[in-house]
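Across the two complexes that follow, chain A remains constant while its partner is chain B and subsequently chain C.
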Partner chain A sequence: MPKWFMPLAGLAGVMFAASPFVIASVRYESTMGLVQKIFYYHMPSASMFLISAVVCGIASARYLFKGSPRQDRLAYAAAELAVLFGAITLVTGPLWARKAWGVWWTWDVRLTASLMGWMVAWAYLLVRKYGGPGSDKLAAGLALFGMANVPFVYISVNYWRTIHPKTSVVPTLPADMGGALWFSFASFLLLFVLLLRLRVHLEEQRAKLDSLYLSLDE
Partner chain B sequence: MRAALLVIMLLTAPLGAQQPEAQPPKPVDEYVPVSQLPPQDQLPAAPLLVTAYSFVWIALFGYLVSVAHRLTKVQREVERLESDISKGSRT
Partner chain C sequence: MTPPRRSRGEGVRTAWLVLRKDLTVEVRSLEIAYTTLFFAVSCVLFFAFALVKEGKAPEDGAAGILWIAIAFAGTLALGRTFERERQSETLRALLMAPADRPAIYVGKLLGIIALLSAAEIVLVPLVAFLFQAPLLSHPFWLAAVLISGTIGFAAVGTLFSAMLVRARSRDVLLPVLLYPITVPVIIAGVRATAELLQPDVELALVRFWVALLLALDVVFVTLALWTFEPLMTD
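== the complex of A and B ==
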């Protein structure tokens, strides 16, 4: 592992431990009250979900066109993180919606597109695990669909009539709420980078193991 | 005979339809302000908030443990194979 990994892991741990205190110190949102504080974890995890899908898609495209195993390992790692952060998004969102909207789930464009993106990430992992020989290229094709879904998820709230808040909400937050949100976002981003590096390292070790088995057979 | 049965069914159908039945609650599929919800649907916010934050922490920690476990397992196997290969090359 690189030298920067452990100091940044320590920093991420401290930031995550501090994040509930930072969020608790911020004032309540006037209409939703306490439950709106889910937003400070929901929005950053949703962003990491979309970033994971983009990283997975770009790495898959590079793997398909250039055949680099390094890019394939990066795509595999990012797909797993898309499933993780997608699960967090799809659990925290309904918990917030139940109180704010009165329903756990609605087939709103953004929610449906997010669910689709999460299912594509799952499909990628299942194809890689059970698809047999050639599944890496098939999964890479799936990842391109996952990436194509990302802009659709992002802009959907601005173009369709929806009960989900628009993307314009974040820049209009008061300074204290915005500060807590960006602190939480930075914590999630740092954790995302560290988890991605750790997961890529696992794939590197697996590739090393495969080459050792091949050398034993020879 | 069939025509008579059909006439009887058509004549008695409105009677059946007029009988009072318990109406199922109207499904909610659009925005409803919290203040307009019936009292049984107005959940307190704290359990939802605690569940959301707990889920995030458990999911992230669980994933970290899972990756660390898989990495340790693979690294042990790499070390074992490397020592087997080095022993094999010496003999």
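== the complex of A and C ==
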């Protein structure tokens, strides 16, 4: 592991431990009150979910067209993180929606597209696990479709009449709420980078082990 | 190793030859057409037993069931089409032929679309009859919705079932790959069809869903053409 890993992991730990206090210290949103605070975890995890899908898609495209196994390991790691952050997004979203909209779930464009992206990430992992030989390429093809969905999730709220808040909400936040949001965002981004690095490292070790076994057989 | 670039005319010819080959094989046995249709019809019948009570069908039920039947039957047809190629190792021969891979893909895709369209010609009147749905009141728009939806579904399906030919447990993995990606196609198809079933149809809404379906078709076909070559190369 690189030298920067442990100090940054410590920093991420401190930031996540501090984040509840940071979020508690900012003012309540006037209409939604306490439940609005879910937003400080929901939006960063949703961003990481989309970033994971993009990383997975780009790495898969490079793996497909260039054939570098490093890119394949990166795509695998990113797909797992897409499942993880997608799960956080899809749990925190309905918790907020129950209070704000009165329903847990609605077939809104952004919600549907997010769910679909999450299912694609799951399908990616299932294919890699059970597809047998050659499944890495298959999964890479799938990841490209998953990535095509990302801009759709992002712009959907601005183009359709949906009830999900628009992306333009973020810049209009008052300074303290914006500060807490970006603090959370930085924590999640740091966590994402660390987990990605850790997961790629694990895959590298596995590949090394495989090649060792192979050379032992020869 | 990539084959030397060929002219566009040759690509069209390859696609046509692959399509003609598939249709000839199918017309001789009619295996996929019969089994797929039988499956789709039983699917619709089950829903009719379950949902139609005292001659009254649930609102918008017909649209959903029509598309579920198409998606299930399509999955079956896709699996069978490529299973046939696998059993006799003909897919390998097809890929070894000096032809552009995207042209082979297009030929296969057209074959699947033809099969599914044939199934839809039977399914639409059946659903209209069993669910008392005025499906045929706007035949032009219904055809536009069905064709654009079928293209989107088949574009992804052809790519993945071709790739799955070599994979283990391909029967299970095809739906796993196909359904998450085609969710938007099915949603747009169902919403558009449901709108066509309303007493006073709002054509602007139907036009919107058809436009979305066409946009999805473009995205899916482009992505599939782009990735078919590297995905089918060992």
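Following the convention adopted for this analysis, the second predicted complex is superposed on the first by the 218 of 218 C-alpha atoms of A that agree within 3 Å, B and C clash if a C-alpha of one lies under 4 Å from a C-alpha of the other, contacts with A are read in each partner's own complex, and residues count from 1 in each chain.
In the analysis below, a contact is a pair of C-beta atoms (placed from the backbone, for glycine too) under 8 Å apart; a residue touches a chain by one contact, two chains touch by 3 or more.
Note that this is a predicted model, so its numbers are computed, not measured.
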When chain B and chain C are modelled together on chain A, clash or fit: fit
Chain B versus chain C as contact partner of A:Ala87, first or second or both or neither: first
Spatial angle chain C-chain A-chain B, Cα centroids [nearest 10 degrees]: 70
Which superposed partner A:Trp101 touches (first chain B, second chain C, both, neither): first
Chain B versus chain C as contact partner of A:His42, first or second or both or neither: first
Touching partner for A:Leu198 - first (chain B), second (chain C), both, neither: first
Partner chain(s) touched by A:Leu64 [first = chain B, second = chain C, both, neither]: second
Touching partner for A:Val120 - first (chain B), second (chain C), both, neither: second
Partner chain in contact with A:Leu142 - chain B first, chain C second, else both or neither: second
Per-residue touch tally on chain A - higher for chain B or for chain C: B
Least C-alpha distance (whole Å) that remains between chain C and chain B when both complexes are overlaid: 11
Intersection of chain A interface sets (partners chain B, chain C): none
Touch list for chain A against partner chain B, complex: 16, 20, 32-35, 37-38, 41-42, 45, 84, 87-88, 91-92, 95-96, 98-103, 106, 163, 191, 195, 198-199, 201-202, 205-206, 208-209, 212-213, 215-216
Footprint of chain C on chain A - complex, ascending: 64-65, 107, 112-113, 115-116, 119-120, 122-123, 126-127, 130-135, 137-138, 140-142, 144-146, 148
Of all residues in chain C, those that touch chain A in their complex: 156, 159-160, 163-164, 166-169, 172-173, 176-177, 179-181, 183-184, 187, 219-220, 223, 227, 230-231
Residues of chain B that touch chain A when the two form their complex: 28-34, 37, 41, 43, 45-46, 48-49, 51-53, 55-56, 59-60, 63-64, 67-68, 70-71, 74-75, 77-78, 81-82, 84-85
